[in-house]
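We just call them A, B, C and D in the order they show up, numbering each chain from 1.
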Amino acid sequence: MTEIVSLEALAADVAPGQSLAVPVVGVSMAATAALIEAGARDMRLICVPVSGMQADLLIGAGAIGEIETSAISLGEAGGAPRFNAAVRAGAFGLRDSTCPAILAGLLAAQRGVPFMPIAGIVGSDLLQVRPDWKVIDSPTGEPGKVVVVPAITPDVALFHAPEADRAGNIRIGRHRELAGMAYAARRTFVTVERIVDRNLMETEDSAAGVLPSLYVDKVAVAPRGAWPLPLWDEYPGDDAEVARYASMARSEEGFRAYLSGFLSQRRKVA
Amino acid sequence: MTEIVSLEALAADVAPGQSLAVPVVGVSMAATAALIEAGARDMRLICVPVSGMQADLLIGAGAIGEIETSAISLGEAGGAPRFNAAVRAGAFGLRDSTCPAILAGLLAAQRGVPFMPIAGIVGSDLLQVRPDWKVIDSPTGEPGKVVVVPAITPDVALFHAPEADRAGNIRIGRHRELAGMAYAARRTFVTVERIVDRNLMETEDSAAGVLPSLYVDKVAVAPRGAWPLPLWDEYPGDDAEVARYASMARSEEGFRAYLSGFLSQRRKVA
Amino acid sequence: MAAERERRELLINVVAGLLDGIRHVAVGASSPIPAAGAMLLRARSELEGKPPVRISILGSQEHNFFTNGAIELFDCAAQGRVDAFFLGGGQIDGAGNINLVGTGAYPKSDVRWPGSFGSAYLYHLVPRVILFREEHSPRVFVPKVDFVSAAATTPEVKRRGGPYALLTNMALFDFDRSRGGFALRSVHPGYSSSDVRSQTGFDYVEPPVVPATPLPDAQTLELLRGRVMRELAETYPAFARTMLQAA
Amino acid sequence: MAAERERRELLINVVAGLLDGIRHVAVGASSPIPAAGAMLLRARSELEGKPPVRISILGSQEHNFFTNGAIELFDCAAQGRVDAFFLGGGQIDGAGNINLVGTGAYPKSDVRWPGSFGSAYLYHLVPRVILFREEHSPRVFVPKVDFVSAAATTPEVKRRGGPYALLTNMALFDFDRSRGGFALRSVHPGYSSSDVRSQTGFDYVEPPVVPATPLPDAQTLELLRGRVMRELAETYPAFARTMLQAA
């Protein structure tokens, strides 16, 4: 059953070498700071299906051993400087992907099958750099070549959401890829803005937007836990802060200065 | 975009020989009556993943040319008499399945891939009677034998739900297999208890339980449209009526008498 | 009526025992005895301070932890998140295979049953599948099923799931997966091991002395007749009513 | 500022023309010009009584018709329910292949871009993919991309999707799928066809007389500066503000 723990306890339970799945909406920047504080290292990051400042911070902090992603970008603020530098330096294992392939790999894990077929992709050089992807003749149904990708089973899925209830049910709204991460992962850790007393599963309408506690191992409260990224229905992104990061992180020293400020800022909130 | 039409117009737009996907929760008994009134015949019924009185009525009325299902049963009221009689008589093509295989076939259509792998099933005689299912060696990921099933693309998906809004968005709550049917199908027809003026996509909570109008071709209003079956949040099943059906439908004559009463009853409601 | 209640209470108590140690059990629709067994286990675990037991009852609003539609039970089993499930069968054979399709030649079965439901899948994926069939007769327990809806053992593939026990009105059997067959564990009061032998169409292992299936003790009966029946009434009002009226 | 506004208005008008006839267009995040083009088409279709146009803008709350998470755009495209989409590229070559990964040898790219996003998939599945890249230079338009994120043509598989046109700051090209290459359709006012030739690193077909890309007419400008900018402001407030301030 779901445990309600402190942010520190949540972060401390991710071991070096483990794979960590993170989303693009509902990013737990609070847990990211806590992971860095806890000295996370050699993590295998799985971006579902892309990432931005969260991945760049973890990379810059030296926490990443391998990364699987369809893209790392700061959006309006431009390229991800620590990612780009680390790629040029060959600082970690790089598994370039394409969005639906990451989602298909997670679905294979959700379904308990070793692989998942996926439309498109043929002709892409991704097939050259991903020898774990294969092109096969469809064994049944309409004949034709189909790409298949292996299951992705993250050790831990980690995200941030507006609310949990006391039982550990999480309100995710339409962001069903958050549920997909949890179904596929061995364990799921969630940070939330707040814990509510009502049962989120109570009505058909509210239950429709809920990840059941069955899939949730740990919950920690982290107010403004996505900052400076946005959280739906709660707060917009702090674009100026992301731009400030983009500018400072261009150099290693600038990144260090930003990171130290970011960690103490997050400590103040917590 | 979604058209709002009469029940008769909705039923008239299902052509002989077409495949029709129907669910186990959110059954449109109103459209079933309208289809029978319209003289539906040679339909290929796809039960998602099982059916009961709806399939049995269509079978008894001679509307079914082929049926794909994991089971046909009247639940507490026992076996489905017209189904059982028709199977013994070889009255239609029978494609026996198992629940997750039907859902996997629909998912393949949703994903635009020709097939879908599925766990389990090995050793079942279903593999003998379903030559379209294959056992393959997994082409990637963990080695092992895996069953694959072909895509199922229904011509029409048909179900009943509590509400549509004016744009054709449908409130389905947690019953996501209804969305799955619609994603997979070429066209989707929905009957509803009522059409509401508010936008069902308005809030994150309400949107989470909505099938978007993008997938909905026709909507018809049919009050108590699932009767005598239940509709979540609206009314319980009329178990006495289903039991009366089960008893009458044991004979061909009894079935005829029941059907005639059922059709005039439904006409009165409409 | 009182005898019928006792029969059911014995079965519910056996079910609770078979489920001991699980975290999540799923129960099919219209399965009041398995559901009551699961509720008895949940109540006991709570009283004894053991880890909580989660019960999913298909089709129930109250006992529904799922929000992803019809596939979720199957996905959940595939992920190893369902520890126990119940299956029945029009026919069950000595190898543990079950038939939910029909008798005679397929497809024009002599007797047609509803169909395989999710059995072909769940039998592979749920570690503790309890075969529950009240009618104990040679027409149910056959040497070889006419149609294998779900196979009990498949050495050609890795699987975590399969039969764990078979519970009937007369007896309780264990299933030995390495051997692929049943062994009589106990016979319910009122029957003898030779009654069981004569009513079972397949062969099975039998210990030299066959114990009687234990009756529920006083504390269990109190739980069962109180809290468990109240909880059960939310999902199975008719069943709970009969049980209470018989009291 | 006024010149910048005119440049954008021309591009928006071309985009609307390229989308003519579609029912559903999806637009990536941070793509104000494609989004404005789609909104212009929607407004026009409404005025002319043509079938309604649906616009999905990724990451927008207002223009979000999806309720099934990140996979839904991709599923929707696979089902044939997305008629048009926009892709860019750090490099685009004469065969229509695009590179969103980086230059030089993989994986230690000389210049690394964000990554392939969904391009490898959507290029196969969306019938009308419009390549939109404002910078028109030989470093973008190369003879052969260093990394194929998404391939334009793949005779070895059946596909409904692929490039339809390429729109830049200087010109508009059509893509011929049977030949697998571009043909210059028109050059924007202020540039000549030899400007285009000198700034394009790949070969392409050029008609004997190259027309100028038409400017938006008065009615279009009215729609664009009024209704379309108001609608755009919901999703791209900063962009809409610049456009209005330049007026």
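Definition applied: a contact is a pair of C-beta atoms (placed from the backbone, for glycine too) under 8 Å apart; a residue touches a chain by one contact, two chains touch by 3 or more.
Because the structure is a prediction, the values reported are computed rather than measured.
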Set of chains adjacent to subunit A and to subunit C: B
Identity of the chain that, by mean CA position, is farthest from subunit D: C
Chain pair with the higher count of C-beta pairs in contact (A-D, B-D): A-D
Between subunit A and subunit B, centroid-to-centroid distance (C-alpha), Å: 37
Intercentroid distance (Cα basis), subunit D paired with subunit B, Å: 40
Centroid distance [mean C-alpha coordinates] between subunit C and subunit B, Å: 29
Touching two or more other chains - residue numbers and ranges from subunit C: 64, 66-68, 78, 125
Overlap residues in subunit A, where contacts from two or more other chains coincide: 111-113, 118-119, 144, 174, 179, 207-209, 232
All touching chain pairs, where touch follows the definition stated at the start: A-B, A-C, A-D, B-C, B-D
Residues on subunit A engaged by subunit C in the complex (per definition of touch): 1, 109-113, 179, 183, 201, 207-215
Residues of subunit C defined as touching subunit A within the complex: 24, 51-52, 54, 64-68, 75-81, 125
Contact set on subunit C toward subunit B in their complex: 29-30, 61, 64, 66-71, 74, 78, 97, 100-102, 106-110, 112-125, 147-151, 153-154, 156-159, 161
Touching residues on subunit B, where the partner in the complex is subunit A: 104, 108, 111-119, 132-134, 136, 138-144, 146, 148-151, 171-174, 204-209, 232-233
Of all residues in subunit B, those that touch subunit C in their complex: 24, 48-50, 69-73, 75-76, 79-80, 83-84, 87-90, 94, 96-101, 103, 107, 118-126, 129, 144-145, 174-180, 232
